[in-house]
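Each of the two complexes below includes chain A, the first together with chain B, the second together with chain C.
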Partner chain A sequence: MSVSAQAAPATPDGSAPVPAARGRSRYLRALATPGGAVGLGLVLVIVVASLIGPYLLEYGPYRQGPDSLAAPGGDHLLGTDELGRDLLARVFAGTRLDLLITLIAVPVAAIAGSLLGLVGMVNRPVGGFFQRVFDVLLGVPAVILGIAVTIALEPGTEAVIVAIVLVTMPIFGRQARSSLLGQLPLDYVAAAEVLGYPRHRVMLRHILPNIVDVIFIRFAVEMAHAIMIEGGLSVVGLGIQAPQASLGSMIKDGSGYLLDRPAYALVPVVVVVLLVVGYTMLSNALNQAVLRK
Partner chain B sequence: MIRFVLQRLLSAVVVLAVVSVLVFSLLHLAPGDPAVVLAGADADPQTVATIRTQLGLDRPLVTQYGEWVGQLLTGDLGRSYTLGQPIGELIVQRLPGTIQLTIAATLLMTVFGLVTGVVLATTRSRLLRQGIEYLATLALALPPFVSGVVLIFFFAVVWQVLPSGGDASLVDTPASAIRRLILPAIALALPAVPVIAQLLATEMRRAYDQEFVLTALAKGANRRRITWRHVMPNSLGPAIIELGIRVGHLFGGAIVAEAIFARAGLGSLLVQAVQTRDYRLAQMLLLLAIAAAIAVQFVAELCIARIDPRIRLGGKS
Partner chain C sequence: MTGTAAAAAACSDTLPVASGEVVLDVRNLSLDLRTGRDRIPVVQDVSLQVRSGEILGVVGESGSGKSLTALSVMRMLPAAASVTGGEVRYQGRDLLSMPQPEVGALRGKDIGMVFQDPMAYLNPLMTVGQQIREVLRLHGASRREAAERAVSLLDLVGVRDPHRRVDDYPHQFSGGMRQRVIIAMAVANNPKLLIADEPTTALDVTVQAGILDLLGRLRKELGTALLLITHDIGIVEDVCDSVLVMYAGRAVEQGALHDVLRDPRHPYTRELTRSTPRLDLPVQRRLSAIPGQPPDIRHRPAGCPFHTRCPHAFDRCRDEMPPVSDRPAGISHVAACWLAAEPLPARPVATAEEVPADRGAPEAAPILEVDDARITYGHRSLLRRQPPRPVVDGVSLRAYPGRTLGLVGESGCGKSTLARTIVGLVPLLSGRISIDGMQWTTTKQAERAKLRRTVQMVFQDPYQSLNPRQPIRTLLTEPLVVHRLVPPARREARARELMSLVGLPAGMLDRYPYQLSGGQRQRVGIARALAVEPRLIVADEPVSALDVSVQAQIINLLADLRDDLGLALLVIAHDLSVVRHLCEDVAVMQAGKIVEQGPAEQIFGAPRHEYTRSLLAASPGSASSLEDHR
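Let's turn to the complex of A and B:
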């Protein structure tokens, strides 16, 4: 009980499972389950659509036309925004920017967070220091942390990336550390130590491969989380700045026209929901496959 | 117990002190000279110089930090540049809107989270359990800025049963104020409900297998009594920790909800402060938000220690 209580802040659902035998087939099996397949499908459809979509359109995301807030249909499948820009083109551009931002920020956070979470094994005081740093960061609400970043940097793409890294890195750090603590009592760790391997080797070559599954599951969850962080910051006006489009900034601008042009805000809303649901299903499927061994 | 309280209190104070240093240094992390930033890009050197000496920006950082904290501790929060009002006054003005919203959201997530958790743990209907799980996945995918827009669209635009947002005084027009609270509070509470429910349900299922349940059964207690009197209190720990974190982080969500629902509150004040580069005000509000989050988590820890002696006696948490 105390273990789950301890893990609860960062990982309500991902308490560290005992490692299974290694093998890529478990990932494939996870993707073959209905949940895994649907999750992967949702994410892939959105990624592919946002990459190919722009080539099928006549208008770019920044090109202003004569009709502002045109109704959906005809030339503009989803209509236009208040500056006469094609909404579909902006949804594609916004989705791409979101995917790009999260694909930069979350891997950085995952790698840095995991390594800093494990470093306590090699150097206890340093590891302890980073755990305290993570405690502080986790105590700060994500949006607040993001806003603090926009004070230090200018609001914009870089600030959003930094914000996502700062919010998600401690989550990976906690995850890595709690998984590490689960591995330390196991025989293979003792065996590696008896063999006289240096601790960094035990950490990187022996323990890391055994906890990489858990980090992978966390990764899918945090990709969804990162989309939400971008959205939250952009909706309050401190995220992605005009004229760039992101899913969050379109929801912000479009929410003013819900009465006449509901598609403006609702289409990016649907994209966010599908992406987040996709990542969540994917992580659930991976989680089950790893737990079941 | 006292030792536990003091220990947690000390660590909360240490965290707060560290955060205050970080919040203070934000302005100095920002590129460029803070005095120029504060004065605005096109201010003349005279103004910049005045601001610099006025704020003591020409003195060592440690001295500046000491003075800032010293002022805070005596209750002087400073003045807002852009609004020309004492920051304390501004906070008092905007506090009610945010407090009402966070209290409403806290009530919703606690009640719905715990009830759903108990249902999830006790139901034998596979359909109901599956249904709750699907809804939970969906609710988790709905951060306030998404659910807020969807709620406004359906309740305010399509069905026109609730206002899309705005402010009303709870004292003068309570009915209108409460109607305006409903949607933003739901938006804020929604993602927390499935998490709390699942934490509670997992713990409760574990508790059902324990010997004290068997003892209670043997003594003739009925299922309902066992659920509410024996299993539930023993299973609340993780759910309460999570609630503490969620409630503490509500201020972050409130910023987003205030933007989507056009409510005046501390969140909208913070956004305005950052956008108009009113850094003193922004720093103060950031510090307040983080202090609130830390305080709520502290209270949550005390609650569990009160409920579960293993925590307070174990020493480690």
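Let's turn to the complex of A and C:
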């Protein structure tokens, strides 16, 4: 609480400043709530495990062994897949690839979407045009969009990234636009205009810092969304292609052996669920701590 | 204790018109507010009594605890607040320990409540009749009785044509009429006690006068005891029988209205009445402002909470809170001040410098010329037959350097739109606005930039006119950067200079707006406007969002800047007393047109237009017969 509370020098007129947690400390406060801590913990555990895990294993994700579809236990903690590859190594690799894809795609979507959402402040017709583009993109289901992208590009990591950007960018664009519209009637925007500040300056220096919290929270939500998009595309075979492992492609491949080797498909499902739950709890905690006045 | 007793003895010859029985008796009430792990005392040791047929005004600034005190009577305190001591008795029954269902039965039946925002307390999907009938039915009226009574209640509160209006929805009523409906609901079951929390703050002055008149009439006709909470001492003066002055959670003075206003025994009460500009006294060059800000509730000073701002404070005030509560019975006028035994000493500094009634004619050429301005929102459209109705319709004005032009009118009359057009935020439909010979329609970049620097604006709400993410230093230097006014090395010095111009310490440059009080923020807003060295400042309701004791400071500051820098000021206000104090020239606006304009002394002394006269008559404090109270 007192992180940002400044020492209160008595002002000449006897008033003391109101100590208030603002800025970074509000984010810290969010992480100190039970929901925020659990959410962050889930995400961190998965991230750290996927980074360290491969070094602890004997087999890499692509090494084919003699036993195919081995039962869990022994050399292979989760067993092996139909080509004799170690499933745990593939879960680690798949998790890493998913995290990498979302960490590239969502920031790109967030920055591009937010800027395109705000551009209407500087140029109204251009801003309106992008909102209509976003409308169209939001109207197309993610899988259909993914099919279109894979037809245009080759199926694979790049196509998944492009698909995630196309699906989530309009959401950021809409978010930025509606937050912008919430700020425009406030007098500080009018004051900036009366003082003769250029429009782009008002947009980037004045309005953007005031809506960045909302965009940041949306970012956590969309990270969860992006994991699910990757999974969805890979499950229908449009996503990550063999021999690369991703959580989605493992779910697809493993679903054929669900009765004999349930761990093959269910472990990636559990990782996806934990990541999505973690991001969602994190965003909820941020939402409560940061946006609550 | 001898002090207060003597104080009371001094005015015991003017006991209040203690007509009826004591309906509400609050004794030594203390309330805490929980924030995080801390518990802050917000109301301490407050006692008050309301008798039937009497109106008690509770007056105080924001954070004084007046609203929480009222809510505790209804057992409607917010979850973070809790009662830590004292008792609240309604007709002898202890409300604080009463079981919840019994309190519920009292609410709306024996105790009515009227809130500030009339729209928020009406259900937009129910007709007003349904809502009034609901209150009646819940407390046992039959369907037919309720229907008949709803109509007679609307009639009682002055809704015309009640038989028809009873089936109308809230949105079909104006703000003042909605407040009348709320009052009708509050008095539906003939309550013995009515609590009104800032009932007229959201309303125009002429509407306010009607509501206050209505409350006074209800008191007479129904014998209701009324607890009226307000920040406006003018309202108290007009309608109340007795008054309780609260400051920083303490009851600092209470007594019969005339006693308290004529012979205030607490310095805060006296300074409060003095710092409020009035319509019935000669205009002073400077208002006698209370220095400083009301204390933040987390950092209330020890001892008497007013001692940091009090001209008479001495050592004992800093250590010990003067008692007020354990007064003997039958004494009507008490003040929580060590000096309360005698009339207050004269103020140490005499600042009375009267402004001559005739403030002269302008000497210089006008800097702002508005000719036949018409302004509208929205565009002509193929789908719309008629062009949009102009919000401002044919207005002409002049503002001169070193002088203040006051623009008064009620909400919706177009005065804010006109202000925004003058500063170039809203385009002009037709007519001409010329500032120092320049116009907003110019296509020359350089001239536009110069125009931007010539006219600046001060906004009403200091909480949203400063970017919350910028420290004060950035707020003040950014205009210098954008307009390349000062070389980088000199910017810091200029920021300090601006701070001292508006009376703020340079140490505040590193603060963020949320760390400042409302009055300090308004000073920053003024300093920011001054940064580009404007010659005309348009101030849209510059003091209406501020606490009463801070308003006078800002009014004085604007007057000083006008005189020292030779600025032309255009002040938009709904409060006529502020305009009378600050302005040499006045224009009265109604429904987009100027109905009367001229020198201030003429407008206020001999108003010609019917509308001006009704505005003046409706202003709080004008109905007063207490010419001699100071």
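Everything below uses one rule, namely that the second predicted complex is superposed on the first by the 270 of 293 C-alpha atoms of A that agree within 3 Å, B and C clash if a C-alpha of one lies under 4 Å from a C-alpha of the other, contacts with A are read in each partner's own complex, and residues count from 1 in each chain.
We adopt the following convention: a residue touches a chain if its C-beta (ideal position, glycine included) is under 8 Å from a C-beta of that chain, and two chains touch if they have at least 3 such contacts.
Owing to the predicted nature of the structure, the values given are computational and were not obtained by experimental measurement.
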Task: Once the structures are superposed on A, label A:191 by its partner contacts, choosing first (chain B), second (chain C), both or neither.
output: second
Query: Regarding the shared-chain residue A:169, is it in contact with chain B (first), chain C (second), both, or neither?
result: neither
- prompt: Looking at the overlay, does A:240 come into contact with chain B only (first), chain C only (second), both, or neither?
  reply: neither
Message: Of the two partners chain B and chain C, which one touches more residues belonging to chain A?
response: B
- prompt: Should A:231 be classified as contacting the first partner (chain B), the second (chain C), both, or neither?
  reply: first
First, second, both or neither for A:206, with chain B first and chain C second: second
- request: Check the residue A:109 against both partner chains and state whether it touches chain B (first), chain C (second), both, or neither.
  value: neither
Query: Which partner does A:265 contact after superposing on A: first (chain B), second (chain C), both, neither?
result: first
Field: Touching partner for A:141 - first (chain B), second (chain C), both, neither
entry: first
Message: I'd like to check the shared interface: which positions of chain A are touched by both chain B and chain C across the two complexes?
response: 1, 6, 8-9, 12-13
- line: Contacts from chain A onto chain B in the complex sit at residues 1-2, 4-6, 8-9, 12-13, 135-136, 139-144, 147-148, 150-153, 155, 224, 228, 231-232, 235-238, 248, 251-252, 254-255, 258-259, 262, 265-266, 269, 272-273, 276-277, 280-281, 284
Statement: As the complex stands, chain A meets chain C at residues 1, 6, 8-9, 11-20, 22, 186-188, 190-198, 201, 206, 209-210
Contact set on chain C toward chain A in their complex: 36, 291-296, 298-299, 301, 308-309, 420, 423-425, 449, 452-453, 455-457, 459-461, 464-470, 478-479, 482-483, 505, 507-508, 511-512, 514-517, 520, 525, 528, 531-532
Statement: As the complex stands, chain B meets chain A at residues 15, 18-19, 22-23, 26-27, 29-31, 137-138, 140-146, 148-150, 152-153, 156-157, 164, 195, 198-199, 202-203, 206, 237-238, 241-242, 245, 248-253, 255-256, 259-260, 267, 270-271, 274-275, 279, 282-283, 286, 289-290, 293-294, 297, 304, 310-311, 314, 316-317
